[in-house]
């Protein structure tokens, strides 16, 4: 689902950053003709994301590296599982290793964390979604990882949906009129979402005709009240400091969508390793 | 210490990613002449990193935004402290907000975490260093954040120091000769570090003339033995799964350097916010 | 509404293309200290678009050029009207002239053509929208020009809304199920539009829950029938070969949106000129 | 005649612009293993230009797409003719379709329009040439299209020939001396062309030794007089508001070159389509 | 004559190459508030080229650096002359120093060498011209340096003039027809130059109507014979292994142009230095 | 040892610079189906560097060009030796020729010159090293060429080693303390080198714990005295105006490293040529 070009842009940038003047260690310790065979192995359980990134990192350093992916993005693995096999010129494999792992570990970390949030709302129809709190430069990859973990994406960027927050609302004298004006001005394909901080703002926002209303930092009781108030007239999104501990209860208030910044803003890279079998002769 | 160009490259990339076709919300909700004044406020205590990034993100969107930084990189702040003030065209301030915060929160998260590791080795001469497990594209920024937290940097990239690991050593019949050959081939300014997995490898490595020997995944006892064995003939680095809980003990084994991948590979973005006072008229 | 960076990327590319080794004519005919004062003048009536582009093209060649814009994007002008004044080093003004005009003429041509389509549906609530048939590299600018002409934008790119066409539908055994699956998978902010070629497809599509249904290449009678059939359950878009002559009738069928590829795929650059008063001495 | 790199730069830019976060429609409606076979078909007659662009757009999205071009650049086709066949992964074919068509339609539109101008001067030795009024970023492609239509190119950019216009001449006290100085300063390979607005300027310009003299906005009688006056001492170019209706008469005045901005500044994209046969299973 | 953008592209690339992770020496040895004042001093006599490059390198690192250029491009200087003064933040001045000098020394080396060749043909009307044997990435700068030294430029690139060499001629059965076909096909502004290796090729080439005929690797006698044979029907260029020792004699054979690859392919950087007065306090 | 990406960046830039609008000569003189076979031949003896660059330049213009490299980087060749064979579409071969040769001639010129310096210190253990006086944009390639000639590299950039010069030392009140502070601040992998101008500075510098001390512009006697004074406590580097004539004597003073700016700052491109056998039919 990630396009080849999106992945390539990240891979090119990462490799250039990691070796502005080449890999001096391989240059002196690794004979040009040495071959490496290796396995990408999980050191802990998780959900896989980033197999395309893995493949393209190795083949960018040297098209002669062969990467065989054994599991698909979105699959669960156990500690010890082999996720992929890599074979090719040892210099290239060793040079690409860290960049490939940095990306796949981060992506799989996001997928795995997302899966835990999704499990915590099991039995409800709620969707767990990400936010714009992604790593600059890696948004497409991190969004893909959220999907691999069973989560959903929110808007991709400032350009593809309206999200009016408190600071925007402070600038408009009449919220209902402002939302109507937005609908009248923007593409008919543009989703309009407005954030409210208090229940007494809900009616004015709905009157303008929003698609989604976000209830920001509401208590559980307020959320339930908000859902009742909206009464199906818009999608209801809960947001604000929701954690693995609280998301279950939030989901049971009847909201439709729960956005969780933590999916991407505080990622623990999953522990994956490349176990190599290197040999002097090709 | 970060150069203007390094910061600018990241800021340009991040802004383009976040608004491929502009900020549709500001376009309809914010009058062109509206002005915003705001404060970057800490919602939790920490160590600051990224003030240059903060400034350049806002002024890139619009050179008319004025950013006054109130605390310096490396300073500690408490919850509620105001880190910077921002004033300028409201559309620009609102468009830049998330990108600026994404970067500064991440950098300050790294600085804050690093400071905790550094505190945990207080009373020793050990230096806590980062690794190449940084976010692709953000290495210069993340390395700067480690320094802001009182940590030290390891080599920047594959190009500026030798780090021979088990896979490299597996390719050379005689480690001592290989290290000597590396020294003979590479720039005289090139630091040579070799990783060993067992104590019985130490003498052969030292005989080649390394600058640093890395003891990978050693127990505390083995580390103490390693330090005694090296006996000042090289810098001793401990590595491998060291945590906030264990780093104190590791430091007291007498090693010189402890590398901690977690400083950058699993970052929790610090909770910072931009409190805005927006007004319709300039 | 165009961001400074979007404009700058186009301007930088255009200037580099037009002078890979400098402007040889200015170099020999224009003294370094000569100053040019000039007016951008309309040679025919129209609607203005691209004043930011005009300004940034001249100041990119030389920040010492001063551009005073006299009319705003979206304003109508008559033949002979002065749209902007330019003053600065003559070499820079002469080098930038063609690139600036190429862009503003094209943008104003789009705005002017759009305004004619919009006038042709006056008295209805229909919105005239553009398509993805824009010039590669100039989409953000051309979309802005459509807005200047009173038109609306359709989705910006393949990434910000679903548009399932005949070829997509041919791949799914059950359209209703496919649309439901799309809604279940994609962001809740993602608008879902489906194109139909025949009236008997309408119910199945609506059953899946689309936001917009596009009636492609329908006759006027079929459009009326389609509008009645949809009965407010989705936005109705008419598309396919609609011209200035036919758009009025199409609008009166009751559709909500009419998309017109011609707004951008076949642009006549508006006739604007730069009348210069050049002088040898500063 | 277009180089691979020139085409690739445009294709990369266009694809990135059209899908900053991937093609969401294909992602949900098209199975990863679906295959598409299709034909690029002419919906109206014309002259073909852009077959390399067509091929590279599809293969850039996925190297697994096979494009068989059936007609060559510069060939005439009738409505209904199949210009090329495309076969490959359906997601890639559908994602690339619009970008490929946008470029080939525009290029073929230019080639077709150029061919009409060239036909209008049939029976004379006059060459019809383009101007610098090309689309920013697409000059190399549009110039190639002019050649496909039987037209000739004028100078490519500000760097490869002198073209002194009224504003340049206004800066020099003595035109003859200025042209001589230009010849003395610039590369011996640099063509020198000067534009005149009145017949009484011709002798002074010729005295300086120009290669081409451009008669700008002359009447037919003035053009004939100008040709007689120049008498073979320079190439004579007619310019200024020449249309399909007037170009024949202009050609018969005896001028050598007629430049027509309309070839590229006001392009109607030719109506070409991609008729697809998509199938769920490979 | 160099455009700001041309210079900026080179400066940006050079600075990024020279400091992928900042200037570690300045970071630790130079206080942030230290100021440097310095003079760019000639250590040997020569001809200056590159003052714009000098200025833009320092101000790119820090806009707070002030560069005062004391001599103009093309001026001669003696050993000990001060060419420019620099003042600003010491870290920035020290970081920019080497990049700025690398470029200006190389450019001034070219200008100075060119001036020697030009002096060697004093008293003739011959122009000394450069070739395409320039440093990849620096052609615009090196061509400017040739002009600063009193030389002339040849064609800038493969795109702006025809230069048919032996390998091209080997592919055409009839040289006269081939040259005619080239003229008929290419822009009327395109200069056509053909290289010949033997005198008996001259007539056939002239018959096609070339602008310049290049006599490659001719003896002095052959050159004289060639000039007589051409008899003013084309510009005559001598080429091939011409040195400072031989160029005078070649010039006196009556040729019009002498191309010298050595102007740019074998450059000795001129000895220029930056004498700094650095001070701890601002 | 050069990575594929490093080479590709230079090749892409060089080809774009040399043909912004294609190769007009090949377009008209070379039939599309013509094939060229050729040999890269040495016209003078030397040391080879740049075979990867040679290969990638031709295959970038057209992947259908086959390049067979007959000698390896670092090998010596005689005048007349064939270094590589090239075969493929004649247009591509002719377009790539000059860019490929420009790079390989420059690189082989550096390798050959370096080899002469290295020979001049034969019989000693001294290493001859390069400096940062490289061509902007080509550092990685030029550094590789130095290695091909038997030389060694110094630090690659401002980021990978400390080099404190007179201007840095002027800013610190206590050199010993400053060097200690540098070591305490910078990565443990960072080599610290300090330049001294006088023998009486040596002890203070050594006391801080430097890795290398550079004796700048010392006489032979001073160098001998310096070596004795340092007495193995640091690597000793001689620098400053060392030539082929003087390097032997300098080497025999006992210094460890001699840096020679001339290796890269004043390069004579080696005389290599491409002898082609072009044929009209494929």
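Each chain gets a letter, A, B, C, D, E and F, in the order it is written, and its residues are counted from 1.
In this section, contacts are C-beta pairs under 8 Å (C-beta built on N, C-alpha and C of every residue); 3 or more make two chains touch, one makes a residue touch a chain.
None of the values given here were measured: they were computed from a predicted structure.
Pairs A-F and A-C differ in how many C-beta pairs touch across them, and the larger number is found at A-C.
Using CA-based centroids throughout, the chain positioned farthest away from subunit B is D. Chains compared, subunit B against subunit F: the Cα-based superposition rotates one onto the other by 180 degrees, nearest 5.
For C-E, the matching interface among the pairs B-F, A-F or D-E, defined by over half of the contact pairs being the same residue numbers, is A-F.
Inter-chain spacing, taken between the CA centroids of subunit D and subunit F, is 44 Å.
Our note on geometry: subunit E versus subunit F, Cα centroid distance of 22 Å, whole angstroms. Subunit C and subunit F have Cα centroids lying 51 Å from one another. Within subunit E, contacts with two or more other chains are made by residues 17, 19-23, 27, 95, 139, 156-157, 159-161, 185-186, 190.
Per the touch definition, subunit A reaches subunit D in the complex via residues 1-6, 139-140, 143, 156-157. Partner subunit C is touched in their complex by these residues of subunit D: 10, 13-14, 17-31, 34, 36, 90, 94-95, 98-99, 102-103, 105-106, 109, 132-139, 157-164, 167-173, 178, 181-182, 185-186, 190, 265-269, 276, 278-280.
Of all residues in subunit E, those touching subunit D in their complex are 127, 129, 152-156, 159-161, 185-191, 193, 211-212, 235, 237, 256-257.
Those residues of subunit E that touch subunit B in the shared complex are 12, 15-16, 19-23, 27, 60-62, 95.
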